[in-house]
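Each of the next two complexes has subunit A plus one more chain, namely subunit B in the first and subunit C in the second.
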Partner chain A sequence: MTATLAGLAPGEVRRRMAAEGLALRMQPITVRVRSPIRAFAAQIHALYRDYEVLDPRDYADVDVRMLPVPGVRRFARPQVQFVVDGVTPFEGFPLDHALPMFEWGLNWVFVHRMHEYLVLHSSVVERDGRAVLLPAWPGSGKSTLAASLAVRGWRYLSDEFGVIATDSARVVPFVRPAALKNASIGVMRAFAPDSFIGPLFPGTRKGEVAHFSTPAENVRRGGESVDVAAIVFPDFQAGEAATAEPLASSATFLKLAGNAFNYETVGARAFAAVTAIVRRATSHILRYGDLDDAHRALDAIIAQGKEPRA
Partner chain B sequence: MSARRDGRPVRVAATLLGALRSPASLRTLELPEWEVLLSCARRNAVLAYLGERSTAAGEIDAFPPQAQKAMRAAMTAVGRLAQLARWELERVRRVLAPAGIPVIALKGGAYLLRGLPHARTRPMSDVDVMVPHAAIDAAEEALLEAGWQGTKVDAYDQAYYRRWSHEIPPLQFPGRLLSVDVHHTICPPVSRLRPDPERFWANSQPSAMDGVRLLSPPDSVLHAAVHLFFDSDFDGRFRDLVDVHEMLEAFGREAGFWPALVESARLQGLARPLYYACVTRRTVLGAATPDDVLRELERNRPAAPVDAWMKRTLATLLTPADPADWPPAHRGLLWLMYARSHWLRMPPHLLVPHLVRKSFRRWRSPSG
Partner chain C sequence: MAGAALRWRLPPGQRLLFEDFDDGILMFDALVGSTHLLSATSAEALALVVDTPGLTGLEIHRRLLDRLALDEAALPFAAVDELLWQLENLNLLAADAA
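Here is the complex of A and B:
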């Protein structure tokens, strides 16, 4: 049995974060987070409560410090900096926005470093050993759709990244809190009143943000990779009934490759992985205006297999 | 210079320097030390370089899987940048060649075209080219016409570049990662260093890319030395010291290189930066310069107290930075070197208003 963050006392979480760092397993990586900011420590404690805590001496792939910016401005407009490897890739955020900054910063580090994988911009869910990629651009509703599926019995693998192992073309979970934005926050609260949604951060660069924390089971199964059975491009259109329009393999290939963060960097391995996925999986554009309606359409999509190729 | 974890001091800069000299020295590292070492290599932009050296030494497969993954990912990332840099250079050539404007590739792009072993390990954010001074307006116009866009919109920055700089404001093609820096010489025209660009052109050589030329080996070393010691930002410049070092290693094996280097430095009035480069390379990287070359260069050192201060300061600032230090260590020294670089490149009646304006703008901006 592994020790989860929920098992640490708040004081111990604060102490570790202010000193040697809190080391967490966020499969497929390990992350050390350090910060003297008490409110941030409490938020990490709540949002990552189901994650395995590592021994502080264990190796971490990523070492992040969230530090108050020194100087005279700390009295007037206190700011926080995201520090990784002693450098600050971003401009400071307001001090009380440490959590959204940590989440975005960690995502940024992930896409800049994890070139052993092909990294798609996509939410990922799974049922019965069949993974569904929900690739999309901001505003298409993928985070809300994935979060809503997670509270209705689907296994949730990722909010932001379709992490593809290039040797097998299987999708690797990267289970993290989903960043819900603006109207999505209210939609999720209404859809699943019992789900855990973290504090509201108004006025970030992407508007209002709150983090949805997935059921613990998903974190526990963070080491289980899955074959991709379906690719579904969500297209939220208020008031519309759900319709799934099949998409040709050629168009799917281009959309999928074009939406990867590191397709060109990974090169030939990326080409081979996308080819394998497109051959194996069905592909649809899912237009929807209602979550329950979208779920029914997804059930139908995943029930049908890919027709064997001639 | 130590990162402490678990109460144990790790002299990470020394470990990194030792590893770059001999990757086999990493065999005894424990995982927590690896974490700090990899972080330090990233901080100083040499993780891919360390990975290449470890691969060449046949050591990388013996490293823990975490270290192998980190190094291979870094090599993959810079490999892509190298590909983009060649491609961007080719695009620039396609525009400038028909306009009859000759081009010399500088820095990263030039190292790639020359096939220097460290070229594929350098992170890059731009490609640098030089065109004749008389052709710089035509070159800018041709590139703007072909779709590149100016990046400095601020009127003061525009005016600063055009009046006091040796390059025009960076050009960026929309949607592409690397910008293009077009230079007309290698030092700011108002600085006290006044190398003759004609001589660089006369010494230049053809490259593997048709229509793109390269500085001669001695001139490319001088260019790198000038940048290393006369640029304004001294934070994180270990990478640039590695550039000078790798060139001296590669070119130094060719017969006649060292005398040609000393002669070119003398003719172009660049013996001082070359002297600093050789001295710092010895103190930081432990790499020796031939005795007779060093003796010749020592004739160009500054007065003894200045010499001692500069040697110490350069060694401190060009040693790999420790990732545990944020804000960056030696901020006082960094500021002094910033002021010095401006002192060297602008006369005082221009410098004072410039610095006042810069600090005022910095104070107003939210990031600092």
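Here is the complex of A and C:
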């Protein structure tokens, strides 16, 4: 039985984060986080409660410190720094925005280092062994759509990254809290009032942000990769009825490759992986203005998908 | 016809990968890491040079007419010559003197 963060008392989480660090398995990586900021420790405890706790003395792929910025300005305008493996890649954020900064910083680290994988800008969900990529740039509603599917029985693999193993072209889960922004926060609260959504962070660089905590089962299955059966480019249009427009193979390829964070870096392996996905999966542009409508359209798309590979 | 006798090859270190989809041919430029959507003529011209480095423009033109089942009116040498220089401009091909 693995030890999860929920099994640690709040005081112990704070102590570890302030001292040797709190090490968590966020498959496919391990992360050690250190910080003396008590509110941040409490937020990590709540959002990552279902994640496996590791021995902080073991090697971690990523070592993050969230540290208050020193100097005289700390009194008038306290800030927090994201420090990864001793490097500070960003300007500071307001101290009470440590959690969104940690989430964005960890995303940044992932796309800049994990070139073993092809990393798409995509949410990923799965049902009956069939993964659906929801590739899109910010503002298209992919996080809201993926979170809404997660509370309706779909397995949630990722909010932000479609992580593709280049040897198999299968999608690898990277289960993290979904960053809901602006109107999406109210939409999800109304759609799933019982789901856990963390504190609201107003006035971030991306507006209001709150984090949706994925059901525990998705974290537990974080090591199970899956074949891609459908590629659906979501396009939220307020008031629109859901329509799914099929997309040709070469157009799908170019959209997927253009949507990847590290296509050029991964090189020929990325070309082969995208080829395998496009040949295997159906592809559509999904325009929708209502989550229930979008779910029905996705049901129809996944029903017509090809059989997953044995 | 000034370039007709030049011989065409891949630039040093270049490697091209092709995938033929139902609605187009995609080619991966391994030197840069980018992907191009190609016309059938461009894909055939590149594939000819990959298969047989050192062909002249005239030889490529003749083989293209054969492969694509076209006559000279449909695909004049000038069009092929321009295409080869466009591909050279993208660093997908290189020309050297015969």
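As a working rule, the second predicted complex is superposed on the first by the 305 of 310 C-alpha atoms of A that agree within 3 Å, B and C clash if a C-alpha of one lies under 4 Å from a C-alpha of the other, contacts with A are read in each partner's own complex, and residues count from 1 in each chain.
Note that in this section a residue touches a chain if its C-beta (ideal position, glycine included) is under 8 Å from a C-beta of that chain, and two chains touch if they have at least 3 such contacts.
Worth saying up front: this structure is predicted, and the values here are computed from it rather than measured.
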Q) Overlaying the two complexes on subunit A, which is it for subunit B and subunit C: clash or fit? A) fit
Q. Once the shared chain is lined up, is A:F253 touching subunit B (first), subunit C (second), both, or neither of them?
A. second
Q: Would you check which partner chain A:P70 touches, where first means subunit B only, second means subunit C only, and both and neither mean what they say?
A: first
(Q) Which chain, subunit B or subunit C, ends up touching more residues of subunit A in the combined arrangement? (A) B
**Q.** Partner chain in contact with A:V278 - subunit B first, subunit C second, else both or neither
**A.** second
Q) Does subunit B (first) or subunit C (second) touch A:G267, or do both, or does neither? A) both
Q. Quick one: angle from subunit B through subunit A to subunit C, Cα centres, nearest 10°?
A. 60
Q) Closest Cα approach between subunit B and subunit C after superposing, in Å? A) 7
Q) Taking the contacts subunit A makes with subunit B in one complex and with subunit C in the other, which residues are shared? A) 264-265, 267
Q | Touch list for subunit B against partner subunit A, complex | A | 5-6, 31-32, 34-35, 39-40, 42-43, 64, 66, 69-70, 72-74, 76-77, 79-80, 236, 321-328, 366-368
Q: Could you please specify the touching residues of subunit A with respect to subunit C in the complex?
A: 248-251, 253-254, 257, 263-265, 267-268, 270-272, 275, 278
Q: Would you mind writing out the residues of subunit C in touch with subunit A in their complex?
A: 15, 17, 19, 21-26, 28, 30, 32-35, 37
Q: Can you check the complex and tell me which residues of subunit A touch subunit B?
A: 20, 32, 56-61, 63, 65, 67, 69-71, 73, 77, 79, 81, 83, 85-88, 91-92, 112-116, 264-267
